[in-house]
Amino acid sequence: MINLALMGAGRIGKMHAEIITAHPEANLQFVYDVNEGFASQVAKQNDAEAVSSPEEAIINDKINAILIASATPTHTQFITMGAKAGKAIFCEKPIDLDINKVNECMKEINGIDVPIQIGFNRRFDNSHAKVQQAKLNREIGDLEMLIITSRDPEPPGLDYLNAAGGFFRDTTIHDFDLSRFILGNDPIIEVSAFGENLFDENAKKAEDYDTAMFVLKSKAGVMIHINNSRRAVYGYDQRVEAFGSKGMIISNNQTPTSVERYNDFSTSSKEPALHFFIQRYEQAYRDQFNHFIESIKNKCKPSVGFEDGRNALLIANAAYESNRLKKTIEINYE
Amino acid sequence: MINLALMGAGRIGKMHAEIITAHPEANLQFVYDVNEGFASQVAKQNDAEAVSSPEEAIINDKINAILIASATPTHTQFITMGAKAGKAIFCEKPIDLDINKVNECMKEINGIDVPIQIGFNRRFDNSHAKVQQAKLNREIGDLEMLIITSRDPEPPGLDYLNAAGGFFRDTTIHDFDLSRFILGNDPIIEVSAFGENLFDENAKKAEDYDTAMFVLKSKAGVMIHINNSRRAVYGYDQRVEAFGSKGMIISNNQTPTSVERYNDFSTSSKEPALHFFIQRYEQAYRDQFNHFIESIKNKCKPSVGFEDGRNALLIANAAYESNRLKKTIEINYE
Amino acid sequence: MINLALMGAGRIGKMHAEIITAHPEANLQFVYDVNEGFASQVAKQNDAEAVSSPEEAIINDKINAILIASATPTHTQFITMGAKAGKAIFCEKPIDLDINKVNECMKEINGIDVPIQIGFNRRFDNSHAKVQQAKLNREIGDLEMLIITSRDPEPPGLDYLNAAGGFFRDTTIHDFDLSRFILGNDPIIEVSAFGENLFDENAKKAEDYDTAMFVLKSKAGVMIHINNSRRAVYGYDQRVEAFGSKGMIISNNQTPTSVERYNDFSTSSKEPALHFFIQRYEQAYRDQFNHFIESIKNKCKPSVGFEDGRNALLIANAAYESNRLKKTIEINYE
Amino acid sequence: MINLALMGAGRIGKMHAEIITAHPEANLQFVYDVNEGFASQVAKQNDAEAVSSPEEAIINDKINAILIASATPTHTQFITMGAKAGKAIFCEKPIDLDINKVNECMKEINGIDVPIQIGFNRRFDNSHAKVQQAKLNREIGDLEMLIITSRDPEPPGLDYLNAAGGFFRDTTIHDFDLSRFILGNDPIIEVSAFGENLFDENAKKAEDYDTAMFVLKSKAGVMIHINNSRRAVYGYDQRVEAFGSKGMIISNNQTPTSVERYNDFSTSSKEPALHFFIQRYEQAYRDQFNHFIESIKNKCKPSVGFEDGRNALLIANAAYESNRLKKTIEINYE
């Protein structure tokens, strides 16, 4: 049985607590949150113990692994603390919004050999993963174009936006990582980014975008298009299209049921897409955690680690520069 | 150039006139209709000549072929007249509603060698024909089940119903023939029929059904289900599903455009199905006539002839018997 | 916490054990199986205790409810024992293959007020349930036709067939019940059944069918078509189509992922349908059990009970008579 | 009857000849082609007369309108000649590859009031037109993103490529125009273009691209993505997606039939997309010509004229500049 400490008991922390509890080989031991009420509640619902400091949760011999789902600015601190205490680490994306803090953290934990997994959940979605496999096994021949559509069902509030680090670092970072996942060992070398504020007053107040498009290129010449919106009235729109010399594979949207309706104005109508990430990526969140547990048990590196978190952030940062300068930016991964 | 006389200038006659005119190797010479105004109008619109008797249209050396689209009770008379005059004959379905008249006509024209084609247009639909080919070339292995859904968009008027010969002989006859087409040389041997009057007041007045289901069996054991309705609010519903030992092929509905809509209550919504037979089977009607012209040119028997019209009627008659007696009826093709 | 005894630890019993274990308000206490090895294994995997007689499992004060997943001939015995001991009862379908045993059991438990739920899992499938709701709330106007396609991915072995009670009682019984579920308070009054042995040697040996079609009528005139096969190479084919005066709703097949493939011979290709009932109806099995627990907690009658099990069997029996006599049979529910 | 002279009797000229011939109010009088054999053949097949100079075809009192389908460098010369002779003009896209020649031509015909229509056929496709209507009538609320996928089934030969003026001017020009069509009176103000040579040896020899992506912005802030390829093994891929504040509308691909196949490795498989432009846009080509005839009859300006041809070329030229400089280029329409 692997004993875990959960850092952060907000919406996503609560979801992780339930996943841990449901896993036959994992046990939720401690819950820490800066808001003690949140910690107590999640602890209670999952037969765990609420603790009042990060150290109590992390630096404890009972604990094998920590799951970091706290506010982004605390991530690097907990990663460092966990790594130094020899714990396996699962950290929600992003590692941090500031590349300097990410680099410092990388230096701090340099040479420490613990499994670190970053929460890029979409890599574990069975449908998106089929696209990656089709690229890998050359089912579609040479990959030539990759097109990712990623639109939230509705915009978040102003508080969220003010802390989120901007649309590209908060949202598109998933798509940058998904592109990297599908490309495999063919790195992304260039990015052109285009942001707009078209409808969301909160985004305007936060000086953020609500709509964006991107074109990226890989070293092998693969062209990647990403488009994002903070609002899609028909649900959480999550599509991936990989086009190659021998065909195309599309990971399509998913609806709550397989029902189709016919009436006097429309036919074959499906339901709106599954509403948001916890529903749409339920299977992915579960399998992501399975992978973490398997990595610990088999003492192997998780398939998505610190370096992946850092690289996606570097692309996001280059995207901001491209958007500001209105030109294509080469990405420097050093 | 093949010169044709058109018998009947109603809705379907008008459509045939346009198809003849558009064909590069056919010429519409004469138009006859019991309503002289109809004949004149169709003649005028197609650079043809209206004539005032069937004999003038049919028994004329200029004429190579006749196309019979007049009222059903006149069909056998015109077939006989045309055959005796040595003309190629295209006759709309059904040959007649009365099997005795069909049998008499068969006897009358026995031994006369002219091409006779019956207007079972659905055989010429490119999508349905793919189902027939898939059966023929064993793409789906052994055919085991055939399921035909055939629902009109809206019910006809009382006058039509009073003359139509009943739902099974007017509507299902197409599905009986389509089943025979797909089965190829495996004959239908049994029919069970179930009719209901669920919604249409005119059908009730005409003592007719508006909703029906059928189960048929072929000699080889293929099971066939047909369902019919006089009304489908989402358009003309025309589906054929062939299920076999190695897979399934479905000929699906068709919409006017390839547009799909997404909004806050539905996704992937297509338009209603093409509204009715002239739109849905436009390609089939054209290719049906091409086949007639080719048969004349190549002096060969059309792929769907008098025998097919008679056999479909025999199944419809057996269906009425089954429905009356509430039991399965064996079909006697003698 | 509701403590359960599981009767039967075969494939379906094992699945139920896992569902019980995963439920936050249920506890698997005892496992009984005529094969003690099966019982021990399932007990061990679910922290329960294997017992060596039905009485030990059922007649025990610790036990609140029993879940019967044993061989069909034992069902009525366990129902009776459980009811007399005052336990809530969940029993897999069918109650029994012999209507006399079902009637006897009904008499035996007459007047005993315990919740009894029969395992017609498809009623709890979210997609099929939307069809039932659409009928209920008249979203499609008046229901006129109901078409159920239900084809297993592959045929069972000879042992299974010899014990299964025949295709109509083993397989179609689900579709009879699903029809009854969707019709609501409009009873099925007539059945016409057509069975064939087209491909399965084991079915032939067991004197059973592998392919079947049915037409049923409800009191209100709704026409129902069911078709069944023991084998569909493209997966477990489970479709429900409800057609009415204002439209149509279809519960369609489901695939493991939302991937579509495009290559030089096909486009928009989805994966084969989810392979079999445990995968396809995973959500339904879970929610079926939730409903059982809720019924116990709220001391109310489960929505699908003994009467439903009996009625579906009466339809199956009438179907056999129809098939034998080649005529429509009225169903007597007395 | 409107009498036409056809300039150019190659593949596309031949298609136009057939469309003219089939039109009830149009008559093909003269055919001119630099290759006299081509001219004779097309003339013969359409009951027209081959002439040996442009002047004979255009400057003739019998002629009401000219249809220019000759090599691109001859377009402006024939437009000028036709306009000065007072003929209505239909000209295939592009007007010319050289903006200077386009501007000169514009000056030459300035003040001459004849209908001029440019052959942007996609505007007349019923499916794409529904997208434009949905934008216009605000069915999808405010348009925010437009995504056009346009991929040819197979690359052209080297000769074609050497004369075509480059991928952006030859192919993407259709997508630039389609974007302009859907945007209506909201002009495109910026373009970012990205070309690659990934697979086509001929394109490499012609120093041309075979794969490209674009991001454009309109004055109102609408973001437009276009992606192009010279080869798609699954057919001519022509999709348009318009995303807005109240929903989305997609004009999807079209297949030759409505057949779907199911086997042991895939389900719901459709056929490859209609192979190329003459098949896919058959309806659009016909209705484009209808519109030209209606414009002549009603003495009104065609909905897509010289200015549209020029503007699409200006965007293509800006796209080349963007691709060269790796930055976003503002479009100057002066």
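Read from first to last, the chains carry the letters A, B, C and D; within each, the first residue is number 1.
We take it that a residue touches a chain if its C-beta (ideal position, glycine included) is under 8 Å from a C-beta of that chain, and two chains touch if they have at least 3 such contacts.
Treat the numbers as computed from the prediction; the structure is a model and nothing was measured.
> If we define chain centres by averaging CA atoms, which chain lands farthest from chain B? Would you check?
So the farthest one, by centre of C-alpha atoms, is A.
> Could you see whether B-D or A-B has the larger number of C-beta contact pairs?
The comparison resolves to B-D.
> Please compute the C-alpha centroid of chain B, do the same for chain D, then give the distance between them in whole Å.
Chain centroid spacing, chain B to chain D, equals 40 Å.
> Nearest whole angstrom, what separates the Cα centre of chain A from the Cα centre of chain B?
Here chain A and chain B have centroids separated by 58 Å.
> Among all residues of chain B, which ones touch two or more of the remaining chains?
Each of 233-234, 246-248, 253, 261-264 in chain B touches at least two other chains.
> Report the residues of chain A in contact with chain C in the complex, numbered from low to high.
Residues 22, 126-127, 130-131, 134, 246-254, 256-264 of chain A touch chain C in their complex.
> Please name which positions on chain D make contact with chain C in the complex.
Per the stated touch rule, the residues are 233-235, 253, 255, 261-273.
> Can you list the residues on chain D that touch chain A in the complex?
Interface residues on chain D, with respect to chain A: 142, 144-145, 147, 149, 151, 192, 194, 196, 198-199, 211-213, 215, 217, 221, 223, 225, 227, 229, 231-234, 243, 245-248, 325-328.
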